[in-house]
Amino acid sequence: MKPNRMEAFSDGVLAIIITIMVLEFKVPEGHDWHSLIALGPKILSYIFSFVYVGIYWNNHHHLLHMIRTMNGRLMWLNLILLFWLSFVPFTTAWMGESHFAPAPIALYGIILLLSATSYWLLQLAIISQHSSDSAFVTSMGNDLKVKISPFLYLLAILTAYVSPWLSGFFYVLVAVIWVVPEKRIEHILRNQ
Amino acid sequence: MKPNRMEAFSDGVLAIIITIMVLEFKVPEGHDWHSLIALGPKILSYIFSFVYVGIYWNNHHHLLHMIRTMNGRLMWLNLILLFWLSFVPFTTAWMGESHFAPAPIALYGIILLLSATSYWLLQLAIISQHSSDSAFVTSMGNDLKVKISPFLYLLAILTAYVSPWLSGFFYVLVAVIWVVPEKRIEHILRNQ
Amino acid sequence: MKPNRMEAFSDGVLAIIITIMVLEFKVPEGHDWHSLIALGPKILSYIFSFVYVGIYWNNHHHLLHMIRTMNGRLMWLNLILLFWLSFVPFTTAWMGESHFAPAPIALYGIILLLSATSYWLLQLAIISQHSSDSAFVTSMGNDLKVKISPFLYLLAILTAYVSPWLSGFFYVLVAVIWVVPEKRIEHILRNQ
Amino acid sequence: MKPNRMEAFSDGVLAIIITIMVLEFKVPEGHDWHSLIALGPKILSYIFSFVYVGIYWNNHHHLLHMIRTMNGRLMWLNLILLFWLSFVPFTTAWMGESHFAPAPIALYGIILLLSATSYWLLQLAIISQHSSDSAFVTSMGNDLKVKISPFLYLLAILTAYVSPWLSGFFYVLVAVIWVVPEKRIEHILRNQ
């Protein structure tokens, strides 16, 4: 039994999550450039989520390569991750529709925090399949961004009530530190 | 001819079924936490279906690994299973929208009962490809949860008119006994 | 270059086509069984299309296994087939919504006729990769149902204006003669 | 690490992009042929986009076969391409809805231009993995259509304000020169 099907299923769900967000861009009534302005916040909101789902897909890709034996526990941890990510289109739409009101911005962070926690649990379960002194486990243990991200999400959630700009800054910050793919895993895989 | 493509197609359909349920979460008019309350029953309904579709995906994954030779009959039995599961998003939405009224709860059970029956027919067809004394057939013959689930669905359907809580209890019960993956099949596969 | 990716892409499109038809089942206003009655024609219409798309997926599966060398021509012939099949959800919805009015029934047949023609062109292109005395080509040349189907679709289109029942009879007839998978191709593959 | 999963994910996104465009064909109120007329511009618009996405899928298929080593950079370049292509359903719908008004036609070209630029950047990154005198790089360097397409898109964007027919002519022209698959890459692959 191999993780291929879990990978394929996850890819399917992530591909659909990314693409159904586009369904939120309702065709404007007008036929001029001016009528596109109302879509501005929705598109900005979509860019954030596209990058976040892209980050998840990318890192998920790396992580699943480290699975040694598939079991029901990994499958359910993966499904829980997909469950939280499946709320991204809804909260993205709400954030855009509300022109970045505090509650939608905070909910966005809560969903991302829950997704990050699920990802972290999945990672822990995969790490437990490796000996504690393996290169993979060592690199994961030093993984600063996994440790920092939850705090940045919390800051983004709390500052949503102060200023959407400040909150947005923290969301951008998490994205930036994650866009760089997990060089260390790549490195290990290359040296295998 | 291998079951790969049937697996890939099923995964595609299941991934879409799970994800289009999210389209039911319409963006609320308001921009505060209060306006999310109306989504409560829909989200609860979604959690049920997410778990059920997850269970199907998970067990389907195990079952298809036991196929020896693909044929048209297996393909159609699989399509019939996907047909009934394709009604899950509709009945999930109706159940949530109606705040768990009796008819939607009962319909939910009917769809799950028809899906379970289709799954059971598919399993029978795959079992018939193995000798009756194989470990796979023996383990399937002892599969108590396959035998109990239809009765629990029937109880859930009937008690929908007594109390949504009682009915819900039976749905939770089926989910709980299924979330544990088919350890025996895993065991057999590992010993092959 | 192998036909795998064309298969995967086609499976994706067919899985989505089958599943988005379900989005047409709008959640009824009422919460009793009575409010489901209005969905009757839509569900009947969906059953037809589910079976037809299932037939295409099934036979497509068999056909693509006979490809010897992939090329741009096969890709475009396949895309043309997917193009016509992509209209199935629309015409299915119109047929159901209109309670089987003549024009929607006829359009349904036109789309199926165009899909069948595209499938036939794809099959011709694949046949041309085999020597004319191969078992595959011989079996295809004798393929009565490929030759009969267009006439049955034409009859269904024309009789749509006489009686929806008569037209429906021809649609059922085509489905029945196709549900049986291409035994001959299966046979050839098994003997390879 | 292989490009398979990137291919699968891209195929998923492209399959969904192509298929959700069909959701724009709202079922007409009427039940006669006359009521289909209003769909005319939308269907014409869909045909354009179906062909364009088909072209991307087709050429993407060829291009990804030339990847030597997967890395994060290729993944993100690919995601950027998918990001721009994900706007195709929206701009297709707007173009059809507006009966080919200047702004929607121009936006359509802008999205295609941005997609083409992303594709070109992805191609450059893949080319950089090959030695400059390889058959693949030489053939790409001579690739006239990659160089001409942006100019044709620009012409289509600018002439959108002159005449939809003139603009449409340039869109058709780009499609025509691209529908022929990359014979040279096919040729190289065959000689490997």
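Each chain gets a letter, A, B, C and D, in the order it is written, and its residues are counted from 1.
Just so we're on the same page, contacts are C-beta pairs under 8 Å (C-beta built on N, C-alpha and C of every residue); 3 or more make two chains touch, one makes a residue touch a chain.
Because the structure is a prediction, the values reported are computed rather than measured.
*Asks:* What chains, if any, are shared contacts of subunit A and subunit B?
*Replies:* Intersection of subunit A and subunit B contact lists gives nothing.
*Asks:* Going by the stated contact rule, which chains contact subunit A and subunit D alike?
*Replies:* Per touch definition, common to subunit A and subunit D: zero chains.
*Asks:* Have a look at where subunit C meets subunit D and say same if over half of the interface residue numbers show up on both copies, different if under half do.
*Replies:* different
*Asks:* Measuring from the mean C-alpha position of subunit B to the mean C-alpha position of subunit D, what distance in angstrom results?
*Replies:* 38
*Asks:* Quick check: how many Å separate the C-alpha centres of subunit B and subunit C?
*Replies:* Roughly 27 Å separates the two chain centres.
*Asks:* Mind pulling the subunit D residues that touch 2 or more other chains?
*Replies:* Where subunit D meets two or more other chains at a single residue, that happens at 8, 12, 16, 20, 23.
*Asks:* Can you tell me which positions in subunit A touch subunit D when the two form their complex?
*Replies:* The touching residues are 7-8, 11-12, 14-16, 18-20, 22-23, 25, 27-28, 31-33, 36, 47, 50, 54, 57-58, 61, 65, 179-181, 183, 186, 189.
*Asks:* Under the stated contact criterion, what part of subunit C meets subunit D in this complex?
*Replies:* Those in contact with subunit D are residues 1, 5, 8-9, 12-13, 16-17, 20, 23-24, 71-72, 75-76, 79, 82-83, 86-87, 89-90, 93-94, 97-98, 101-104, 107.
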